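Next come two complexes built around chain A: one with chain B, the other with chain C.
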Partner chain A sequence: MRATNWPARIRQFWVRFSKNHAAVAGLVIVAALVAVSAGANLIRANDIFNINPGQTFESPSWSHPFGTDNLGRDMFSLFLYAGRVSFEVGFTAAAVSVLLGTLLGSIAGFYGGVVDDVIMRFTEMFLAIPILLLGLTILIIYGPGLSHVVFVIAVLSWPVTARLVRAEFLTLKEREFVEGLRAVGAPNHVIIFNEIMPNALIPVIINASLQVGAAITVEAGLSFLGLGDPSNPSWGYLLQQAQTFLTRAWWIATFPGIGLLLAILSLSLIGDGLNDALNPRLAEKG
Partner chain B sequence: MGGKEPSALANYVVRRLLEGIPVVFAVLVLNFLLIALYPGDPAQILAGQEATPQYLQQIRIIYGLDRPIYERFFDYLWAIFHGNLGYSFFFQEPVTSLILQKLPATLMLLGTAMVIASLIGILMGVEAARKPHSLRDGVVSAVSLLGYSTPNFWLGQLAILLFSVNLRWLPVAGMTTLTQQLGGLAYVADVLRHLVLPASVLGVYQVALIAHLQRGSMLEVLRQNFILALRSKGLSERSIVYKHALRNAILPVLTVIAFDISALLGGAVLVETVFDWPGIGRMVFDAIIAGDYPVITGTFVVVSIGVVMVNLVTDVIYALVDPRIHYR
Partner chain C sequence: MRILAPLLEVRAVKKYYPLGRGLLSISKRAVHAVDGVSLRLETGTTLGLVGESGSGKTTLGRIIVGLIHPTEGSVMFEGQEIFSLRGKEQFSLRTKMQIIFQNPEASLNPRKTVRHVLTQPFLLHRLATRSEADERAYHLLEQVKLTPPELYLDRYPHQLSGGQKQRVAIARAIALGPKLVVADEPVSSLDMSVKASVLKLMNEIQSNLGLSYFLISHDLYMTRSISKIVAVMYAGRIVELAETDELFRHPAHPYTQALLASTPVPDPAIARGVSRNVIGEPFSPIDPPDYCRFSSRCPYKQDKCLQRSPQLEEIRKDHWVECFFPL
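Up next is the complex of A and B:
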């Protein structure tokens, strides 16, 4: 199972991925959004907390491409900084959730029996509970703040990954190579992490980009409900602020939403592309 | 129903109901622990941020916060089984009656969104599947991808900007026109005018999901042999698709619609907040802003149990309707 020529594999992956033009477009858009958000300081040095009472509610212009808000702050600067927060939360929460899901899913699938039953019952329970409502219940008790939001999203979204990994493990552990490893006395943790895991990761990788999009969506929703962190505004937080001035200044609500839409849409397109590239059997649609 | 043994079916229904009990119990435990494990003063959570010291002391005595945790847990279960979810200081009302009061508006919104979205989504999915990889199919895919990716509260804001602020076709927010005293049909028409935007916005995500699922399920059915047989009998394409194929392709889609109710409820909280729709969601938002914990924990318990119930009922109906299902 180990005879891999990585450079050739990566080249093959890219050839397949790049055949999906929408996925490539998605990748370009996400990369661009991440880059401008990460470089917010360089692009716009304006302090986002800089209040200008003389420039409130200015519609988009050359000096303020996205207009200004009720405090006269430059919405373009706010957009860049907020994008950084949205992506940070999205990527971190998705990473934690995927790790957690992979760990629990592999244990459930590998050991089976009671362990599997207990973990899967938890998974089903988390899938049945309204996530947004549980998330906001936790946040209102323990207080908002970025690390809490990341924790809440990660803890609530691992079941999807756990299910995928469990299903992979259930089929993989019956394969001959696992039997062989058992026969030569390889310890369980070696079989799980070194041998089965690498083969079970493809659906996880495909799903991960959707998880990032989902995490960004949930964070936006929580922020919109007033559970965002005012000192770290995200796109959802900006939309919450915009709600009050909706009838007065269209630009305050419009641009952060476009950011969200582009990010979520592109991540979903990337997921499609990854699926085509890594899952060639299923790539023939229809 | 086709020749099923009634006892097997009854067994399945009972087993499925029994499976729901641990989930409901887990929700109750989770809710209890969220408050009990709070590092600060739990009385503060139960009473709310603006509680007076006297009220806090009263809460401590009522809930026996000095007593061991398991005793408190049984008291908590006892209270919930008697429909006591605490008192809202912000709304000045018991949480249970508050939820019952707000529930009809939310159910009306959810019901309307679900019916409209199901009809549109199923139609889109079927039409896309009739000619895979055609322009029509492409448009359906694009629309559902877009609907899937747009946060509904932002879509709501855009809808308000376009239809209420610019075109002035529909009201901006609320469920009724407060300045007018309307009766009878005029009142119904007024509520419907207020319902159009929030229900449509809430339904968009569902349309995307349903269209996608219906397309896949329909493609699979159209590939089967009995369709070929019907075609060779000379039935019209419309009758084959909408009468014979759809009957087989719709069931898995309907199940997913019912199971997705928890996502729809989350969406409703956001949409109600945008449109100031006076239901559970708007109540939750007001409670967040006011720091009114009992309303939020109470809503979490009630809604979670509601979702578990809906899922159970769906499973049972599915078993009744589909003769192919195996009772595990």
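Up next is the complex of A and C:
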């Protein structure tokens, strides 16, 4: 049964999602960017740290579609590998933050009372911290590194998900089916994770797509401020490196910039599309 | 000497919801949802609890199945205080008492199939393997007349009608063979024809399984058709308690009379007692007065009613009324 029901639901979801053309375009763009970044070593095997003093600042050509930089490196290769880093950071940070936020938010919303108070004060404390400031501090203390960046972003963005999930749980736990479950003796962890959670997931999914974009943005910001990991350059890192050559070689900054712009814009369009497709309350009105 | 404890005995149960929350709140104001209720229910019988909304009947029902802890008092089930049970004993109590809710839309998880709802009790209590539980779920659907069961097992709640949902809720409630089922307005959100068939089903199940119902309702005539004993609740207290026929023939509390007089009578042969209209508003449930709670609306009130609170007294055999001047 579950096997026959899911495809129907997925088809219905797709019908709704595909009505939003911007979201479909966003999905195509993100899919393409992820695909070329993931397959970077298939498309361009050249070592991105290979310095070619003979071909610095070459403008875009057939052999170097995105030109070369001040060290003669192929910008197209750099673009692909940097895209991989940006997406890796974006997806892992979003995943960690969504998991953490969902866990804490569900517990706060379900138990209420003192548990809720403690978790929510904690959440507000994190919300009050300016993200870049704490990010800078942590990265300055612990040094650059992808895992540090992921940690910083995840730790600072879970409160959004936590509040969202808590709000869902606050209303869902009052539904009579929860009392029915208590009456048959279902333990709390079953009620929270198996029963209420599936009802609370839609806003989480929508939010997750926005979190990926936000994580990529923050990573770019941190890299741009010089806290990127030089051994794992991301699009933001490339932008930071390109600053000095803005007037001399436009292509060095332009392509990573376009990559970032497309990725972030597309992810937020996907978020909109998911919202339309998964949120029947809004869909009915519109 | 007591030979056999009754199935259910509610002893002086109170539930107060304090107002104002916070570290510095010293307010002692509280909503008195249930304010000193005692009841008994024997095996295989139905007790109908009637009262207007806000009278505390839903809270009382939730307390009886152990979903809400009372502020004071105790609930004895088969001679055991249910709120003192812990661990395994508390868990196995869950197989003996169940609840059916008013709103079938909210009483089933929208993301779970009928199969999940009906197999879960067995799996939680480790009373069956998955395939045995499947089989039991199938039989449960037969018992609640959702046939053929294979048509319903894999449906989600949104694929069922209100009456069908309520049947699934009943099936879940009787899954583990409970001795007591609290039914909180089980049919009031269903339409007339469905109402009748669901009530008929509940009757059938009772005679087949020998369970007791604690039936909460605001509909006196529905209660009359199914209950052996009727309790009338007003402002958190039981104001009248008697066998059904006795209560309907000789309502002794002014509130019961008013309630009977204000309900449309489906059967004109039923004679209505002469009753003066109930006027005024009920007292606020926040810190109610310590004299008669019905005095603000009672057409028969006297000085005494404004000085002390009456207690339930037996005016005839098995007919209890909480009024200084029963009618």
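FYI, the second predicted complex is superposed on the first by the 279 of 286 C-alpha atoms of A that agree within 3 Å, B and C clash if a C-alpha of one lies under 4 Å from a C-alpha of the other, contacts with A are read in each partner's own complex, and residues count from 1 in each chain.
Just so we're on the same page, contacts are C-beta pairs under 8 Å (C-beta built on N, C-alpha and C of every residue); 3 or more make two chains touch, one makes a residue touch a chain.
Predicted model, so just to flag it, every value in this text is computed and none were measured.
Superposition of the two complexes onto chain A shows chain B and chain C fitting side by side, with no clash.
When the shared chain is aligned, chain B comes close enough to touch A:G221, but chain C does not.
In the superposition on chain A, contact of A:S37 is made with neither chain B nor chain C.
Judged by the touch definition given at the top, the superposed model places A:A183 against chain C, while chain B stays out of reach. When both complexes are overlaid on chain A, the residue A:P198 reaches chain C alone and has no touch with chain B.
Using the contact criterion defined above for the overlaid structures, shared-chain residue A:S157 touches neither chain B nor chain C, since it reaches no partner.
In the superposed model, A:A242 lies in contact with chain B only, and not with chain C. Partner contacting the larger number of chain A residues, of chain B and chain C: B. Of the two partner chains, neither chain B nor chain C is touched by A:N207.
When the two complexes are laid on top of each other via chain A, the two nearest Cα atoms from chain B and chain C are 12 angstrom apart.
Counting contacts as defined above, no chain A residue meets chain B in one complex and chain C in the other.
By the touch criterion given at the top, residues 62, 65, 67, 91, 94-95, 97-99, 101-103, 106-113, 115, 120-121, 124-125, 153-154, 156, 169, 172-173, 175-176 of chain C touch chain A in their complex.
Listed in rising order, the residues of chain A touching chain B in the complex are 121, 124-125, 128-134, 136-138, 140-142, 213, 217, 220-221, 224-227, 236, 239, 242-243, 246-247, 250, 253-254, 256-257, 260-261, 264-265, 268-269, 285-286.
For chain B in complex with chain A, the touching residues are 22-23, 26-27, 30-31, 34-35, 38, 45, 132-133, 145-146, 148-151, 153-154, 157-158, 160-161, 164-165, 172, 219, 262-263, 265-266, 269-270, 273-274, 284-285, 288-289, 291, 293, 296-297, 299-300, 303-304, 307-308, 311.
Of all residues in chain A, only 1-2, 5, 175-177, 179-186, 190, 195, 198-199 touch chain C in the complex they form.
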